[in-house]
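Letters A, B, C and D name the chains as they come in the text, with residue numbers starting at 1 for each one.
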Amino acid sequence: MSLSPEVLEPVPVADAAPVEKGVVGRSPGQLAWTRLRRDRTAMISGCTLLLLMLVALAAPLIEVLYGVGPHDEFKELLTRRGAIPLGYAGGVSADHWFGIEPGTGRDIFIRMVYGLRTSIFIALASALVTAGIGVTAGILAGYLGGWVDTVISWITDFALALPFLIFALAIMRPVEMRFYGPRDEVPVWFRVTVLIAIFAAFGWTSTARLVRGQVISLREREFIEAARASGAGLGHILFRQLLPNLWAPILVSFSLAVPAYVTGEAALSFLGIGIVDPTPDFGAMIFRSIAYLQTDPAYVFFPGITIFALVLAFNLFGDALRDALDPKSSR
Amino acid sequence: MSLLAVEGLTKHFPARGGVVRAVDGLDFTVRAGETLGLVGESGCGKTTTGRMLVRLLEPTGGRIVFEDRDITHLGGRAMRPLRQELQIIFQDPYASLNPRHTVGRIVAMPLTVNGIRPPGGVKKRVQELLELVGLNPEHYNRYPHEFSGGQRQRVGIARALALRPKLIVADEPVSALDVSIQAQVINLLRQLQRDLGLAFVFIAHDLAVVRHFCQRVAVMYLGRIVEIGERDEIYERPRHPYTRALLSAIPNVAKLGESEGRIRLSGDVPTPMNPPSGCRFRTRCWKAQDVCATEEPPLTGGVACHFPEGAS
Amino acid sequence: MRMKVAAAAALVLVVSAACSKTTEDGEEVDQTRTATGVIATDPKDSLGPAAEVPGATKGGTFTVIRENKISHLDPQRVYSFAGLMNAPLYARSLTAFKDDGKGKLTLVGDLAETPGTNVNKDCKVWEFKVKDGVKFEDGSPITSKEIAYGIARSFDPDLTGGPTYVQEWLADTADYDTKWNFKANKASLPPGLTTPDAKTIKFEFAKPRCDLPFALSLPSSAPLPPAKDTGVNLDNQPFSSGPYKITKHTPGVELVMERNEHWDAKTDPVRHQYPDKFVWSFGPDPDAGANRVIADTGGDAAALAFNGVPSALVSKVEGDAALKGRTITSPTPSAWRLTINTQRVTDLSIRQALNYAIDRQGLITVYGGTTVASPLTTLMPPATIGYKEYDAYPAGATGNPEKAKEVLAGKAPELVLGIGDDSTELGTQLKTNLEKAGFKITVRTIPADAKLDETKKKDNPWDIWLDQWAADWPSGAAILPVLFDGRSIKAEGNSNTSYFNNDAINTEFDRVLAMDPSAQASEWSKIDEKIMKEQAPAVPLFVEVAYYVHGSKAGGVFISSVFGYPAFVNAYVKQ
Amino acid sequence: MARFLIKRLLSVSLTLFAVSVVSFLMFFALPKDPVTGMCPKNCNAERLERVRQELGLNDPKVEQYAAYMKGIFVGRDLGSAQGGKCEAPCLGYSYVNSEAVTDTLGRVLPVTLSIVIPAAILWLLLGVGLGMLSALRRGTLVDRLAIGFSLTGASMQLYFVGALLLLIFTYQLKIVPVPHYTSILDNPFDWASGLVLAWIALAFLFSAIYARLARAQMLETLSEDFVRTARAKGLAKRTVYGRHALRAAITPLVTIAGLDVGAALGGTVITETTFGIQGLGRTAVYAVRGGDLPMIMATVLIAAVFVVIANLVVDLLYAAIDPRVRLS
């Protein structure tokens, strides 16, 4: 490519392509929000999530309004012989909207409300901790490179190589013994914390890998060099320059990690790890209900459909978020 | 007194099976307010040189002296005040601006990073800078994606100017732009150079642009300078065969060797991992003789050639 | 789309179940099965062949479906219920129970001609004569030598598992394997055990051991030729003396047993050899096992789900008229109790208050309803010989918290309840139940698989926990002294998990144990009541009710009156 | 290439070494004393101590670890209680199964492989196929159905789907036999029919993820210049999509597939439990529950080996599929 001398004559300095009028520009975040708002799926799934979380938060209030607590028992509503709820659809009635649990005779609706609380809390907290560790490790590995990268990447590989379920299964009990001895009651929050820790210990690797990849592709970008050329320190580069560019992948992986943890927690219940009776918990509930698929399908149906809706809403919202944050992909 | 002096500057990158001698002993100086063009084919080490000058890359050897201070291996903190004097403009206007920051924040970055509070505030200074590079100061709050390539490059220039540097390394600042926009940006740079008395190291592969902008020109080949001199000298009377070959590739500009016409270089550029012995250009040079293979020609009188043009 | 079909089918299921009203009906299980047991006095009882099962036909493959593998097959190590029910098919012992499946038990000679001769009538010397014509799977004859060797190898400490009665009685100490080292004395026999000739085997004890004929009905007295002893590896490929031999065994997956042609029906008073093959199919969980059998397809038509019908499925099976003829239900001798660690809970009034407070009906409901459990107020289950019902702490079906509070007299005892992590709902039930009576209960979960070992440790940290006991033979002798004789308490592996030790009771045990077995029965009932009234070292809860379903072609299965699990000696495949 | 392989193999060995050390240390903290199950019938503290002594559990941990490693590489003698001489690779003796751990593994590994590998092929084909279809028919009903399918799958749980499939196809409709394992060498048809439900359930859940990924990748690739160029050059649609776009789109899928397969091989616990098939995963769970230390160690190591090998294969495949990736 070459220029003719004529072209190179001085021309008045001016905006070649004037941007539309208006003083304040719209940030990529604002643009994403606008796109998200226009996305019907995103809005529906977002509202569903909001509703479910609201229900979870307002559990004690709902208990008061509903008039039944999660530990109240109604054994008189069960058959003596099979301990199956009397009446229609698993004991659905005006007093017990979703029926009652076979065996224990507890109200399914209010237990679901409280179970939602436990499950959502565990999933959100796990996703947060995971994201925190993963992002930090990913940024450090990606930006610093060299031996830091080698070490972090190796730890990632190592964590991936450990079979999650076997470790989760094996670790709960020794940890309990270590902190509570054999006689003290293990508080619910402690089990919850251990669960979160287990999820975090095994879950951070994927976020770390993702962030690392992003950082590596950003690291060589010239705006980073521009900052370095201006004398910016490591902190400025990592947190002011890099981090804002990582929000999209972090948010997306976060929104997809939450449903993964909801189902993960349920899967652990399936193996008998995790939250124990009588604490209401979705995973434990689903696990217990599966056995009643043939004899009390309503018991399977209500928690099953709710956890499905919860996970589906999270997945849909995560997808929509990805599309909104990265308009190039799909749609 | 020279603003910037470079002596034996070298950069070797470790690679599988040896080292890449990207830059292999450069000597040149830039005076205050002067524009030096650094030209050569892709991969000749221009960009590496530019990066080393602003200390984005650590030189393997040699010295960089800026305002009589040896800055070759200066640490981060000691380098800080000097960074303000020494700035860089990048090639890719899309990659050089943080997409998540507003233009105002981008231009202000050098100020915030160095903790400088200009009189009248950062915002005022940024708006002045935007105006200076021909952008609407009202666009302070806009994001890079809302601008065209040329406008973005102006933002990059404003950022480089924020600290009122004495020397700017411009690394192919226009090669990513459309031809018509190129002219505007070059003109802007020329104007700024005149108005602010800036010195430039202007890196380009496009000889026409360099001729338009630079007072002196250095031609690089395989990590070394083969010819350096005043613009007109180089363009009118190139002495190194490589310079001649480069110039002959420009149809309109070259008015050289009435008889020779366009010179086509044969063969590929040798790998910088294993450069030819003696004169590095000899493998593609039509004048090469035995001595070229054994002795490396020193850069004397602005040319590094055993058989320069006009000498015989 | 497959998914849609599935969704539609699921919807149909949900809707159909939702639209049918669940009501309280169906007949209660007959809880009155009580055992009557005798030791055969007529040698004819010990003669083969066993009476033909009406309708039984030869041939076919009988399948037993079970979730987990049978823990041990080596006769000297067999002690699990599945193992005990399976062992008679390939292992014969000196004596055996003739079981009519309705509670009438007769102890007869199996390899022996009679269920033993009490030589001096003091239960200290016992003699058994081996039958003629009894053979191993390779056709070699079974003599007293191989039987004695089988008993000798049960002293080997490497062979974990299996009962220890005979070893302890012979050695007269719990440390039998140090008293007589099997590995160092393989060519000889343990003290007190002799084989005067190839047909005779003789036991001599320091103390009266009147229950010996019962104890020898366990497979640990099965014979083995020394040359066939492969040590711990025998566990996966035992050497057969019964009507079937193991032809293929893939641990955890499948166990195939085929006819042993050297077994002679004429020598065997209790076994048959109807199916060509018995196959244990391991893997499916209890739900899947029951579902397979209910589905009744292919080989599953001649199958039995050994894990029984899970309580969640019971109402489905009950509601299906087509399944009526394919279910077997019967109370079992397997009794659940809330064990009280008397080392920790030393206050009798607390133990009594627990007995008043207990809500048996609530517990049974959580356990799965009356189809799977039946309340119990005695230490011995009704299936014990000479059983007598009583309730030392009458408080009604759901307990009497007021009465419990009264007994507690203002105390609010803090107790730690250890519960297996597979039955946390039972823990919740107990906590809610007992706290109503003023107790403060801390629930601590224990991994289900470790629970048994842990609670059998003398210094275990829990105050109360659920325990289950099914006797090795239906006599009080195999229940009360085992569970409550304080002199047998050791550091680990205790059966006396109440860690209860009372001299008066121990003396009673000694007195009754020296009596003739036929005279013991009523005495045990008296001791049972005495222990509960005076000491209350446990809270009797319920007996398990067996609830099994089998395929339409499976026949001859009955619930063993000894162990309460399905017995296969009469099993056949309908042709 | 050789250099790359050596480097990777070194890092792999290091990972496996670390996994073995960590699991070795960790499982000493198991709730159940590994000795309890090996204690003789008349167990007491003294006997327990003797067993511990015999098993070397009182030796320093380093020595125990060394002995274990020695067993793997040269074999060792485990004593009469554990079946005597144990040839290399000796992973110990499982007293729960009364057999050498390697025997158990030899039995359960083919089961897990038979579940995972066909399922993986199925979910990859289904996932990529659906993803491509919906990318090419973007915005149509087909696209929406495919997205719906994949999202439904991704939001379901295996034990739920599995229980439903079993109930409908095996117990109600009786068209699929009860899940079981037969060696493919004995009876390929029986092998397939016994595992088909597990494959379907796994494929349904996993293909969802792949369909979404494949769709996004495909759309991105379709908008890239080289595809447009190829189209402009007049290459047939089929060639362009089939050769160029698919190849570019599939690369990132391979990574995830590798990881998933590796992880699935080590952890089909839930699949195996749901369908009542005795594979590696269930063996591992039983081992943890029963405190069967040698078995736990072995299953953890095997699972780790699978993941690590899958990673290695992915790296190599990457290079094969996408020439842009250089092995370095």
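Heads up, the rule we're going with is that a contact is a pair of C-beta atoms (placed from the backbone, for glycine too) under 8 Å apart; a residue touches a chain by one contact, two chains touch by 3 or more.
Chain by chain, the UniProt names read as follows: A = Peptide ABC transporter permease; B = Dipeptide/oligopeptide/nickel ABC transporter ATP-binding protein; D = ABC transporter permease.
Here the structure is a predicted model, which is why all the values come from computation and not from measurement.
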Chain closest to the middle [Cα centroid of all protein chains]: D
Chain whose average C-alpha position is farthest from subunit B's own: C
Inter-centroid spacing, subunit D versus subunit A (mean Cα positions, whole Å): 24
Inter-chain centre distance, subunit A versus subunit B - centres from mean C-alpha coordinates, in Å: 49
Separation of mean Cα positions, subunit C and subunit B [Å, integer]: 91
Whole-Å gap between the CA centroids of subunit C and subunit D: 39
Numbers and ranges of subunit A residues touching at least 2 other chains: 173, 293-294
Interface hub residues of subunit C, defined as touching at least two other chains: 13, 291, 447-448
Full enumeration of touching chain pairs: A-B, A-C, A-D, C-D
Subunit C contact footprint on subunit D (complex, rising order): 31-32, 36-45, 47-48, 80-84, 95-99, 104, 107-108, 149, 152-153, 161, 164-168, 170-172, 174, 177-181, 200, 204, 273, 275-278, 283, 286, 289-291
In the complex, subunit A residues that touch subunit D: 154, 157-158, 160-167, 169-171, 173-174, 177, 259, 263, 266-267, 270-271, 286-287, 290, 293-294, 304, 307-308, 311-312, 315-316, 319, 328-330
Touch list for subunit A against partner subunit B, complex: 1-5, 7-8, 10-11, 13-19, 23-29, 221-223, 225-233, 236, 241, 244-245, 247
List of subunit C residues in touch with subunit A within their complex: 13-14, 17-24, 26, 28, 287, 291, 310-316, 318, 361-362, 365-371, 416, 421-422, 424-425, 427-429, 432, 442-445, 447-448, 460-462
Sites on subunit D touched by subunit A in the complex: 11, 14-16, 18-19, 22-23, 26-27, 29-31, 151-152, 154-160, 163-164, 167, 212, 215-216, 219-220, 223, 259, 262-263, 266-267, 269-270, 273, 281, 284-285, 288-289, 296, 299-300, 303-304, 307-308, 311
